[in-house]
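Presented sequentially are two complexes of chain A, the first with chain B as partner and the second with chain C.
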Partner chain A sequence: MSTTDQVAEAPALGWGERLRKFGLMLVSPRGAVYLLLIVLLILITVLNPRFAEPDQLMRFIQRVAPIAIVAIGQYFVIVAGEFDLSMGSLVTAQVIIAGNLVGQDDSRSIPVLLLMIGFGLLVGLANGLLTTMLKVPSFIVTLGMMLALLGGVLFWTGGAATGNPADGFRQIGRGGIRDLPLIDFLPWAVVVLVVLLALAIWFSKRPFGRTFIAVGDNVAAAHYSGIRVWWTKTAAFMISSTSATIAGVLLVGYAGVHPSVGRGYEFIAITAVVLGGVVLGGGRGSVVAAVAGAFALESLFTLLNFAGVPSTSRDAIQGVIIIAAVAYAAATFGRRRRRPARPTSPAGEEQAPSPVPAVPAPTPATGDTPQQGGL
Partner chain B sequence: MTAVAQAPARRRRRRLDTTAVVYIALAVVVVIGAILVAAFADRNFFSPGNIRDILTGMSVLGLVAIGQTLVILNGSLDLSVPYVVSLSSLLAAETMAGNPANIPAGIAVAIAVAAVIGLGNGLIVTGLKVNGFIATLGVGLIVKGYLDTNYQGSAGSVPPAFQWIGATGIGPVPVSTVIMLALALAVALFLRFSRTGNHMFAVGGDAGVARLSGVRTQPPVIVAHIICSIFAALAGLLLASRLGVGNPTVGTAGGYDLLSIAAVVLGGTLLMGGRGSVWGTIGGVAIFAVIDNVMSVLQVNPFLKDVVRGIVIVAAVAVYTGRTVHDRRARFARKEADR
Partner chain C sequence: MRRGIRTAAGVVGAAALLVLTACTTDPSVTTPSDDPGESEVEWFDQALFDKQDAERGVVPEGPEGQPYLQHINAEMVDTSEYASEGAKKACFANASISNPWRQTGWITMNEQLKVLQADGAISEMETRDAGDSDDTQTADIDYFIEEGNCDVFIISPNSTAAMTPAVERACATGKPVVVFDRGVQTDCPVTFIHPIGGFAWGIDTAEFLIDNLEEGDKVVALRILPGVDVLEQRWAAAEKLFDEAGIEAVDYFTGADPAEIKKIISDELAKGDVQGIWMDAGDGAVAAIEAFEDAGVDYPVMTGEDELSFLRKWKETGLTGLAPVYSNFQWRTPLLAAQMIFAGTEVPQEWVLPQSPITSSDLDEYLAANDGMPGGHYAKFGGEDLPGYPTVWQERIIP
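Moving on, here comes the complex of A and B:
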């Protein structure tokens, strides 16, 4: 994904050049999130040296896992050019379903787990079909789903969540492999995250995975290259609702059953994905960067915590950082845009950047008028 | 030349069409609601008291949604409105401090601060090229941080003279609704007759084409964001007048960010910008208010209300927005509509 100017300036691959290229990658919008993450992690370690110890690091990853998993799901939806605002509600719904249906009976864990995954897939299918078939903007579809899901689950439980599920079920979120060398404790949440991330990377390199970016970049071009746009978008929603389900399963163990678990996750996930350099509107970004965005966001919270910043001003700092990160990416992309080649779209379809000075002005206008009359 | 001359007339009729559909939907909702209320609660839906309730329910969301219409028309979004609503209610109540002489100052402070926030939103969206969703989410978080740091609960107090605005009415019509409708008319005229208003449609429809046609694309977006924040401040003033105090959570409790966007889209405005009308938005807000009122009269479980709201939003938008999207796409890229 190196840009044209880098290639032009670095023809030889000496160590110095490689280092320089790596540095350029880090300052580019694509790499900025990794740079941000590294800086944040170093700052945390300076403030609290204990943080760098393997077991603390594992605990940290365990805490980030649900957010990172939700970000993976949101990534696929955003890169395909849509939004999923229902993720937070779905996490809450799944947490409450687990709390109510598993109860103290360990033997129900597996059936309920299957039921939850089925329910998640159904929600994603509904989101996807409403968006693609009825052509309702996904912002509205998932907003409606968000209200309906949360309201429905709270109506079902009468507004109060009852009890925690059996310990066996909660082990997924809070347990792990103990007595390991070096890291001592490997939480299941970390294993789940690593497996899902590997799956997501593998999936986005598959032909079908690549169609997500193609659809998000240019629907018409994707349609003409034989992509079933409705199925790609629906699949994106099903992936995101499945990831919300998995995050819900982890959170049951980690945070317990409460109607406020998962609240605001949709915005956290979107923020994480956007921090990772994924462009709202679709067509550009990578899963790894989205996950790095989730880690950067959580590191930021941890850093503010260690630095003794009052919790009330954390939101303000988060707001400034989000805007700054996206503005940085936008400014750099804006400069890159003027170069002839657009190496960022692996599917190879072309999309004209919106303001192209070279295009003769009257073309869109005249193309518009006769069709107006025809309508 | 004839084609060019015909085009605006056609476009105008088409836009009215969408708004008409919104009001037909509103009429359907009113009829169904009246039947349900008469059948299950044995009450008269059209009693002056009930109409006053519905209109009162419309005014705050209506104010926020009018501003949101302008922003969405420009192809942006404003997620910072709930925090601006809370902030302005607090600023107004604190400046007034129970003294009627301070009413103008309180209103001025609230509006001025909101205008600055709106200007910030607009400059971040246009100058820094940050997507409106992220820009206003970030600005909203900044304002939230300020609110959380400086206020623990309700603060300030509003003099009775100002509370009068939220409390009285002309017959069954509350003063607040009259103000809201008058401002809606003002914004509708602004969109229809002012140059900036016209440019908003152009920029929202296609910023690239607008630029190539000689429209400066940044001012309309900035103006829309400023107006949107000012309307959020007016909603905050109205809430302060009703509550008698300023409150740091009134905005978020009302969910005005997502509900106003839903009302705007329900009113037939395209989420991607370029098409829409203030009257459609008012219709959308009215649909919400009627449904809420019917559910309250029928004493529907509050959680079930959210389920109904969610389903209505999607269903209503599915009925007519799909059609509008189709129309617009066909103008610019016929191929995409064939999909």
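Moving on, here comes the complex of A and C:
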């Protein structure tokens, strides 16, 4: 009942109000990831003013799109209290499927695309059912899935590239609308990302979307409140595998076919999600912040490129910055979490515009239980 | 209370870390150009550089039209002690087939095997694939020594130093050992087969770029991974020559990931003009060229490899290019060497195979000769006279 109240309230908010909340959030500790992103973007622009030009910016978003989309998928899994380690290898598998099955024949694009989506859903379903029905920890299930997919790819290709599919198929990831005023070039990948992000925001505000957070926060409470936990978690895995599929389609276009495409994406996505302040173990976080996390990570990569950091020390510097940022986000987020009971009405809402208080009354109480053990 | 203190400590710690990172980024912004010299010191070997530089100009000895049997500056060794009748069992410890170059060679080697089986020289070849692992390959070699019932050991080492003891154990059996591709730190094998080498690659490519660029031009070097001697030597030679010629060269590790390559090039293009692309292996060359197309700028002067995807893109775009070659036909030589050893024919102690780049003048010839081959195929695979040609390579049936 309280869930419906929240849903009714959310769309009633005006845009101005939301903007104000966003501004407030940015300066609050919760906005760590946005601050980091802004700082990184400013540093990049200082080093290379051309970066701020609209067409460069569009190209930047284009290339972050796959990883941001993977982060969106990973967000739903993590917020529901699970992990999906199979995303990167699913991206790889989908890239190889596209390369091998589309070949140079444009007419096969649509059937292969449908096949890829079907295959992705199947992988997500398997992950979800194994996790919920057999009660195997998702860390292990998806790790196994990762190895199975990578092994399958290796078996199929022998570990080497097979050649790019027809150019028509690659348009989604590589092409776009050209000669536009102001931005000059609008890559399809950017359109896809914007649509998916909007969908994800809308979905996480829906009653079903909110059950993800409820399940991640406290499985028992979710169960007693009538949520089908197995279905929610399975759906999370299916969302993540679908997002990996879409990322794969974009990457085939952007980069081409190679068994190394998608490598490490699961960890980049998890890092992005955590950087966005989403709590590992579930129950807290916002999908927008997860996407911002993905952008921050890629900006970091670009910054190191622009700064001319030697190739040998780049990974180390990247690692230190990520640890620091996550630690900062975790510490500030943890502090915020530790005083959840006090702001009951508007103030509490303000700090958490995402659907965190889906079950307002029980959340502070149940939220405390995993906190003492978990943090 | 304790909670409050813990929170404060956490925040202070995190803030300190953040300050720390701010410090780590800053120096890197100001001193980007000081470091490259270090890697040069580590991998550059003047004697080897000079040797390979000289070998590039030598006309190889051996049968005309069969580059896999030719050799450069060879010192022959007597093999009469191994001479023996009948078909022999070969045991092949392979590092991996995890890249298109090794796959192409592996296909060629198996076709060569069929010929030698038909001739009655080799009865069978038992192969163990180490999957890029030193440990696995050591175990593979030891297995062959203990229970392989082998007549000859063929080893393509995964890494130089780590494989040396295992190769020495194989030598100790008294049976002939043939090593090819990457080397080991022992001269106990009967013959060590390899193309001229990484420095020659680096010299060929760097000279080409220097000839086609102006002083002060920028070259982006795309490298697969650090720490592998064949690859490091390519870069060590090229970097030295770029430096001497006043070409600005920046290097990146890509893992051959085309997405990574595209990111790197588009960042470099956002920074400023890029006139040249240098690669230590051709895998991913197409993505690099596409990055220039996507950015809508002129094609660079570029060196890739004799991988067909690059040769075709080169032809299609008409860019100024060179395809250095790490002779893939060397995969034929080990089995042929085994045949020679059992026949008691002398073989070169160090069998240096020819290694010459494909230039724009013979690009068409190689494209025509390899028509219908997949993108991951290598133009100088040297298997045109083998029975499965061309279907086996076209369909890329990996044994």
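Keep this in mind: the second predicted complex is superposed on the first by the 306 of 375 C-alpha atoms of A that agree within 3 Å, B and C clash if a C-alpha of one lies under 4 Å from a C-alpha of the other, contacts with A are read in each partner's own complex, and residues count from 1 in each chain.
Methods note: a contact is a pair of C-beta atoms (placed from the backbone, for glycine too) under 8 Å apart; a residue touches a chain by one contact, two chains touch by 3 or more.
For clarity, every value in this text was computed on a predicted model and none was experimentally measured.
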item: Partner chain in contact with A:Val309 - chain B first, chain C second, else both or neither; value: second
item: Partner chain(s) touched by A:Ser260 [first = chain B, second = chain C, both, neither]; value: second
item: Touched partner set for A:Arg50, first chain B, second chain C, both or neither; value: second
item: Partner chain in contact with A:Leu196 - chain B first, chain C second, else both or neither; value: neither
item: Which superposed partner A:Val320 touches (first chain B, second chain C, both, neither); value: both
item: Chain B versus chain C as contact partner of A:Ile268, first or second or both or neither; value: neither
item: First, second, both or neither for A:Ile246, with chain B first and chain C second; value: neither
item: Touched partner set for A:Leu147, first chain B, second chain C, both or neither; value: first
item: Chain B versus chain C as contact partner of A:Ala331, first or second or both or neither; value: both
item: Touching both chain C and chain B, counted on chain A across the two superposed complexes; value: 159, 310, 312-313, 317, 320, 323, 327, 330-331, 334
item: Residue numbers on chain A that touch chain B, as the complex places them; value: 85, 130, 134-137, 139-141, 143-152, 154-155, 159, 219-220, 223-224, 229, 267, 270-271, 274, 279-281, 310, 312-320, 322-323, 326-327, 330-331, 334, 354-356, 359, 361, 364-365, 367-373, 375
item: Interface residues, chain A side, partner chain C - complex; value: 43, 47-48, 50-51, 56, 59, 63, 66, 158-164, 174, 251, 254-258, 260-261, 263, 301-313, 317, 320-321, 323-325, 327-328, 330-332, 334-335, 338
item: Chain C - residues contacting chain A, complex; value: 3, 7, 10-11, 13-15, 17-18, 20-21, 24-25, 28-29, 32-33, 35-36, 39, 96-100, 103, 223, 226, 250-253, 255-264, 266-268, 270-271, 283-284, 286-287, 290, 294-295, 309, 374-376, 398
item: In the complex, chain B residues that touch chain A; value: 3-4, 6-7, 10-11, 14, 124, 128-131, 133-135, 137-142, 144-146, 148-149, 206-209, 211-213, 258, 261-262, 265, 271-272, 301, 303-307, 309-314, 317-318, 321-322, 325-327, 330-336, 339
